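Both complexes shown next keep subunit A, but they swap its partner, so subunit B is in the first and subunit C is in the second.
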Partner chain A sequence: MIAATAAVAFVALSSAAVALFPRSILVFLLFQGSLLYAYVARIPGWLRATLLGAAVLVLMPVIGTYNGYYLEVATQVGIFVALALGLNIVVGLAGLLDLGYVAFFAVGAYSWAIFGSPHANVLFGGTGFPLPSWWFYPFLLIGLTVAAGTGVVLGLPVLRLRGDYLAIVTLGFGEVIRVLANNLDKPINVTNGPRGITPISRPPLPLEVSYAVGFYFLALLIVVVVILVNRRLEDSHIGRAWEAIREDQLAAQAMGVPLVRAKLLAFASGASFAGVMGVVFSAKQVFINPESFTFLESIGVLAMVILGGMGSIPGAIVGATVVTVLNLQVLKGLSLWLNELKNAGVTIFGYNLANLPTQLEPAKYERMIFGLILVLMMIFRPQGIFPARRRQRELGEQ
Partner chain B sequence: MSAMFEAVDVTKTFGGLTALQRVTFALDGGIASIIGPNGAGKTTLFNVFTGLYRPDTGAVTFRGRPLVGLRPDEITALGVCRTFQNIRLFANMTAAENILVGMHSRIRLGLRDVLTRGPRFVDAEGALWQRAGVLLERVGLRGKGNEIARNLAYGEQRRLELARALASEPALLLLDEPTAGMTQAEAGTLMALLRRLVGELGLAIILIEHNMRVVMEVSDRVTVLDHGEKIAEGPPREVQADPRVIEAYLGRRAATGRAVP
Partner chain C sequence: MDFELLVRIFPQVLLDGLLLGFMYALIALGYTMVYGVLEFINFAHSEIFIVGAFVGVELLLGLKSRGVLDTAPWPLVLLGVMLAGMLASGALAVTIERVAYRPLRAAPRLIPLISAIGMSFFLQDVIRLTESLWRNAFNLVYPTLEPLNERFELTSTLDVSAKSLVVIVAALLMLWGLHALVNRTKIGTAIRAVAEDQAAASLMGIDVNRIISLTFLIGGAMGGAAGVLFGVQYGLINPYTGFIPGLKAFTAAVLGGIGNIPGAMLGGIVLGLLEAFAASYMSLLTGGAFGAEYKDIFAFSVLILILIFRPKGLLGEVVRERA
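Right after this comes the complex of A and B.
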C-alpha cells in the first residue's frame, strides 16, 4: 500500500516537476527514475501497467511540449531499445557474439533512404522517385525482410565459428557494410558514398501530429511489438533451443536441436528488429551517411545488452535507456556544466579552472566517464542491472 | 532380417591413430554393455553412432536407415539418443528446461505458432511441461524441476541427463558411464530404473560402463573393446572368463593363469 502510494506520487510529482523546470536535466532524470521505481516496486500488476502506460502514452508526449528535446531523447531510447532487444537474441540468448550488429540497422536505413529520396533517380534513371511518402509503411516490412536476409547471409558462412572467431568475423562484416556504404558511389551510385543521402521522405502521419510526436509513437509501437515477439520467442522451444546452444552447442545438437536452422533464425530475427528501426531512423533523420553506422555503434548496443543483463528483456530495455540517456543527457550535461565552471573562472583548491589546458577540456571527459561506468559495472555487478531470471513453472507432478 | 541397430566394419582413425578397427556391433533389444580399458575406443564408437564423428569406413543403420552422414539432431529425431561421459547439461537452465530441450525434435510447432501463441501452441506447450514433470518423477527428481541444473548434486545431474535423453522418446538409448561417481547403492537404483525402462517402454540400451558389478548384473550381452578392436562378445559370464579379456584388463600373465605379482 505504501509502495503503491509512493510509486504514484513519485511518478506524478516528478512529471509535474519536469513541467515546472523544463530545462533541468536532473528533474528529467528524476522522472525516468520514477518509472524505474514503478517497475521494480512491490505494487499490483495492474497499477504498474497503468503507471508505466500513462507515463509513456500521455506524460512523455506532454513533457515533449515543454521541452521538445526530451521527446527526441525518448525516441532515440526507443530506437536503441529495439536494437538492444534484437542483439539480445543473438548474444544474450543464442550466445553468438556479434560485433557488427549495426550493419543490419544500416541495411534497413539505406533501404528506405534510397527509395524514399530522389537518390533512386540517380540509380534507376527517370524522375519517379522519391516514392510517395506512404510507402514508408510498407518499407518497414521491406527493411525488416532485407535485414533478416542479410542476417542469414552473414549467418551462413559463420555457422561453424564460435566465440572469438565468430566475433572477429562479425566485426569484419560490420565494417564491410560500412565500407560498402562509404564507397558504393561508383561505378554505380547506390549509397552516394560519404556524402550520404538526403532528403529522405517522412511518412504521412494521422491526426496532424507533429513529426516529433509521430516518430515517438512509431518507435514506441515498434518497441512494444518487438518486446512481444521477443517474449514469445524466448518462452518457446525456439528460445530454449537458443539457450541450449549458448550453454553447450554439442549437447544441444545431440538432443535434437538443428544447429543451422536455430542459429540462422537467431541471426535473422535479431537483424530484423534492427532493420525496422533502421527505416524509422532514416526517415526521422532525413539525412543518413555511413558515419551513423560505425563500429562504435555496434559496441554501444553491445554495452547496452551487457550492462542491462545478458539474455534478459527488461535488462536490454533498461540497459539501452541508461546508455542512451547517459550519452545524450547526463554526460553532455556534465561537460556543459564543467565548461561553464571553466568559463566563469571558478577556483577549486586554489586552482583556477580557466587555466585548464585544452587537452583536459570537459568535453573530452564524456567517453572517459562512460568507460569508467562500464568498468565499474563489470566489476561490481557483472550480471547486469536486471539479470535474466529463470522461469518458474508448475510441472505435471502427481 | 537385419537387427534394429547395426554397425558393420566401422573404422575411425585420427591422424595416425586408429581409434576403431573394423568394429561390428548389432542390437535388437535389451541392454548391451561395452567395456574395455581406458582409450579402447568406447566413447569414439558412441560418437560414431550418434553422428558426432563420421567413420572412415563402415556402415551404421538404425531400423534399416543408414545413419552415417546424418547430423546428430537428425539421428536423435530418428530415435537414437545419448548421454555424455562428462555430464553435459545446459548448466544455467532449470532441470525442467533441460528436459524440454530434449523434446525439441518431437515438437511440431512452427514459427507462426510461437508468434501467434494460439490455442494450439498453448496446449502443446502445456503438455510438454506436464511430460517434463512425469520424466523428472521417473528418474527420481520430483520437485527439482525449477532448480538450476548447475545447482543439482552430482548424482542428480546424471539422472537429469538420463531424463533429458528420454525426453526425445528414443528407441535406442546410449549411456556413457551413467554410474560414474555414484555409490554402489545409487548405481543399483539406476540399473533397476534402466531395467524397468527396457521392460515398460521396450527400449534398447547400450551402456558404456566401468563398474563391473553393474555390468555383470544388468547386461544381456557384453562387448569388449581393446585398442579399437572388438576382442570378445557374449553373455556376461562367458566374457568374464575369456582369456583375451583378462589379458586386456590385467596383462598377459594373469590371462595364462600364472600368479600376478
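Right after this comes the complex of A and C.
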C-alpha cells in the first residue's frame, strides 16, 4: 500500500515538476527515475501497467509541449530500445557477439533514404522520385526485409566461425558497410558519399499532430510490437534452440537443433528490427550520412544490452534508456554546465574554471561511458541490472 | 590501362608495402602472443599501441621545447624515446590484464572479449582527456628529426627516406630479438609451455600468472615500439588512430596463424604488401572507379576469406574449440 502510494505520488510529482521547470535536466531525470521506480516497486500489476501506460501515452507527449527536446530524447530512446532488443536476440539469446549491428540499421535507413528522396532520380534517371510519402509505411516492411536479407547474406558464410572470430568478422562487416556508404558516390552514385542524402520524405500522419509527436508514437508503436515479438520468440521453440546454442553448441547440435538455421534466424530477426528502425530514423532525421552508422554506435547498442542484462527484455529496455539518456542529457548537460561555469569565471579550490582547456567537452566522451559500462559490468555483474532468469543461473553463481 | 606506369611504380609500392608490413607485424605480435597463451583477443591492444605513440610524441615535444632535440644525436634520442614508449605500453598492458582480464579468466569466452572492447573504448577517451587537459589538443604532430628526412635515391623510380630505413631496421632487430627470447631462453620455454598447457606448466613449477603478465609485457612493449615508429613514419596521431592499424594487425595475426609468432611476422608483411598494392593498383586497374579509399575493405575481406577458408592461417595449427 505504501509502495503503491509512493509510486503514484512519485510519478505525479515528478511530472508536475517537469511542467514547472521545463529547462531543468535534473527534474526530467527525476521523472525517468519515477518510471523506473514504478516498474520495480512492489505494487499490483494493474497499477504498474496504468502508471507506465499513462506516463508513456499521456504524460510524455504533454511534457513534450513544455520542452520539445524531451520528446526528441524519448523518441531516440524508443529507437535505441528497438535496436537493443534486436541485438538482444543475437547476443543475449543466441550468444553470437555481433559487433557490426549498426550495419543493419544503416541498410534500413538507406533503403528509405534513397527512394524517399530525390536522390533516386540520380540513380535511375527521370523525375519520378521521391516516392509519394505514404510509401514510407510499405517501406517499413521493405526495410525489414532488406535488413533481414543482409543478415542472412552475412550470416551464411561466417556463422560456422567460433565466437570471438565471429565478433571480429561482424566488426569488419560493419566497417565494410560504412566504407561502402562513404564511397559509393562513384562510379554509380548510390549513397551520395559523405555528403549524405537529403531531404528524405516524412510519412503522412493520420491525425493533426506535429511530426515530433507523430514520430514519438510511431517509435512507441514499433517498440511495443518488437517487445511482443521478442516475448513470443523467447518462449518459442526457436527461442529455446537459441539459448541451447548459447549454452553449449555441441550439446544443442546433438539434441537435434539445426545450428545453421537457428543462427541464421537469430541474425535475420535481430537485423530486421534494426532495419525497421533505420527507416524510421531516416525519415525522422530528414538527412542521413555515413557518420550515423559508425562502430561507436554498434558498441553503444552493445553497452545497452550488456548493462540491462543479456537475454533480458526489461534489461534491454532499461539499458537502452539509461545509456541514451546518459549520452543525450547527462553528458550534454555537463558540457553546458561546465561552459556556464567557465564563462562566469567561477573559482573552485583556488582554480579559476575560465582557465580550463577549451578542448575539454564532456559531451564528446561517450566512448568512456560505453567502455566503463562494458568493463565494470563484465567484472562485477555480468548478468546485468535486470538479469534474465536463466542467464542469472548461469552467471550468478560464480 | 597504363602498363608501363604499373611497372614503374612497382618497386616503390613494394617498399611502402614492406614498411607497412613491418609495422603490422610488430603490432600483430601483441595479439598473437596473448592469443597463444590465453586464447583471447586482446581488443585493447590497439590502444596499448597508440599510447606508445603518445608517450613518444610527448617526450619529443618536451625535448623540442627545451631546445635539445636538434643538438642531441638522433640515434640516442630515438632509442630513448622508443624505450620509453615500450616501457609505458608494456606497463599499461600488464595493468589492463591485471584489472580487466584476470578476474574474468574462468568466465565464458565472450565475457573477457567484451571487457577488452570496453577497455579499448575507455582508453581512447582517457588519452583524449589527458591530452586535452595537458596540452589542450589531442591531434598531435610528431616533431621531425631533421636527419631522418633525408632521402636516398636508389634508382630513378625508387627512393627511400632515412626514417623508413630506421623503421625497417628497428623492426627487424626487435622481431629477431623476440624470436631469440621465445626460442632460446628459459623464459621463452616457460611462455611456450604455458601456451601449450597451463595446468601441466604449473605442475612443472612455472608461475602461470607471472608468465601471462610477462606475455602482456612483451606484447605491449612491441606495440609501444610500433607506436613510436608509427608516429615517426606517418607523423599525425590522435587517440583514435590506433584502432584501424590495430584491427589490421589482428587480421595479420590471423592471416599468419594466430598464436604463432613467425606467423604474425609473415602475416604482417603479406598484409602490408597486399594493402600497398591494392591501394596503388586498384585505381589504375579499374580506371579510377575504385580507388585507395577501399583499402580498408580490402584488409577486412582478406580477414573474412582467411577465416572462412583457412581459419588456421598460413602457418598456424588448428585451434581447438573451447566453450
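One rule holds for everything that comes next: the second predicted complex is superposed on the first by the 364 of 398 C-alpha atoms of A that agree within 3 Å, B and C clash if a C-alpha of one lies under 4 Å from a C-alpha of the other, contacts with A are read in each partner's own complex, and residues count from 1 in each chain.
Simple rule for what comes next: a residue touches a chain if its C-beta (ideal position, glycine included) is under 8 Å from a C-beta of that chain, and two chains touch if they have at least 3 such contacts.
Predicted model only: the values in this text are computed from it and were never measured.
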item	value
First (subunit B), second (subunit C), both or neither touched by A:L180	second
Subunit A residues touched by each partner, larger count belonging to subunit B or subunit C	C
First, second, both or neither for A:A354, with subunit B first and subunit C second	neither
Which superposed partner A:V257 touches (first subunit B, second subunit C, both, neither)	first
First, second, both or neither for A:D248, with subunit B first and subunit C second	both
Subunit B versus subunit C as contact partner of A:A167, first or second or both or neither	second
Subunit B versus subunit C as contact partner of A:R232, first or second or both or neither	first
Contacts of A:R240 with subunit B and subunit C, given as first, second, both or neither	first
Footprint overlap on subunit A, where subunit B in one structure and subunit C in the other make contact	248, 250, 395, 398
For the subunit B and subunit A complex, residues of the former touching the latter	50, 52, 71-74, 76-77, 81-82, 84, 88-94, 96-97, 100-107, 109, 111, 114-115, 117, 121, 125, 128-134, 136-137, 142-143, 145-146, 148, 164-165, 167-168
Subunit B contact footprint on subunit A (complex, rising order)	229, 232-233, 236-238, 240-241, 243-244, 247-248, 250-259, 265, 390-398
Parts of subunit A lying in touch with subunit C, wherever the complex brings them together	95, 97, 99, 157-158, 161-165, 167-169, 171-173, 175-176, 179-180, 182-183, 186-187, 248-250, 295, 299, 302-303, 306, 357-360, 364-365, 367-368, 370-376, 378-379, 382, 395, 398
Subunit C residues within the subunit A interface of the complex	40-41, 100, 103-104, 106-107, 109-115, 117-126, 128-129, 132-133, 135-138, 243, 247, 250, 254, 289-290, 293-294, 296-297, 300-301, 303-304, 307-308, 311, 319, 321, 323
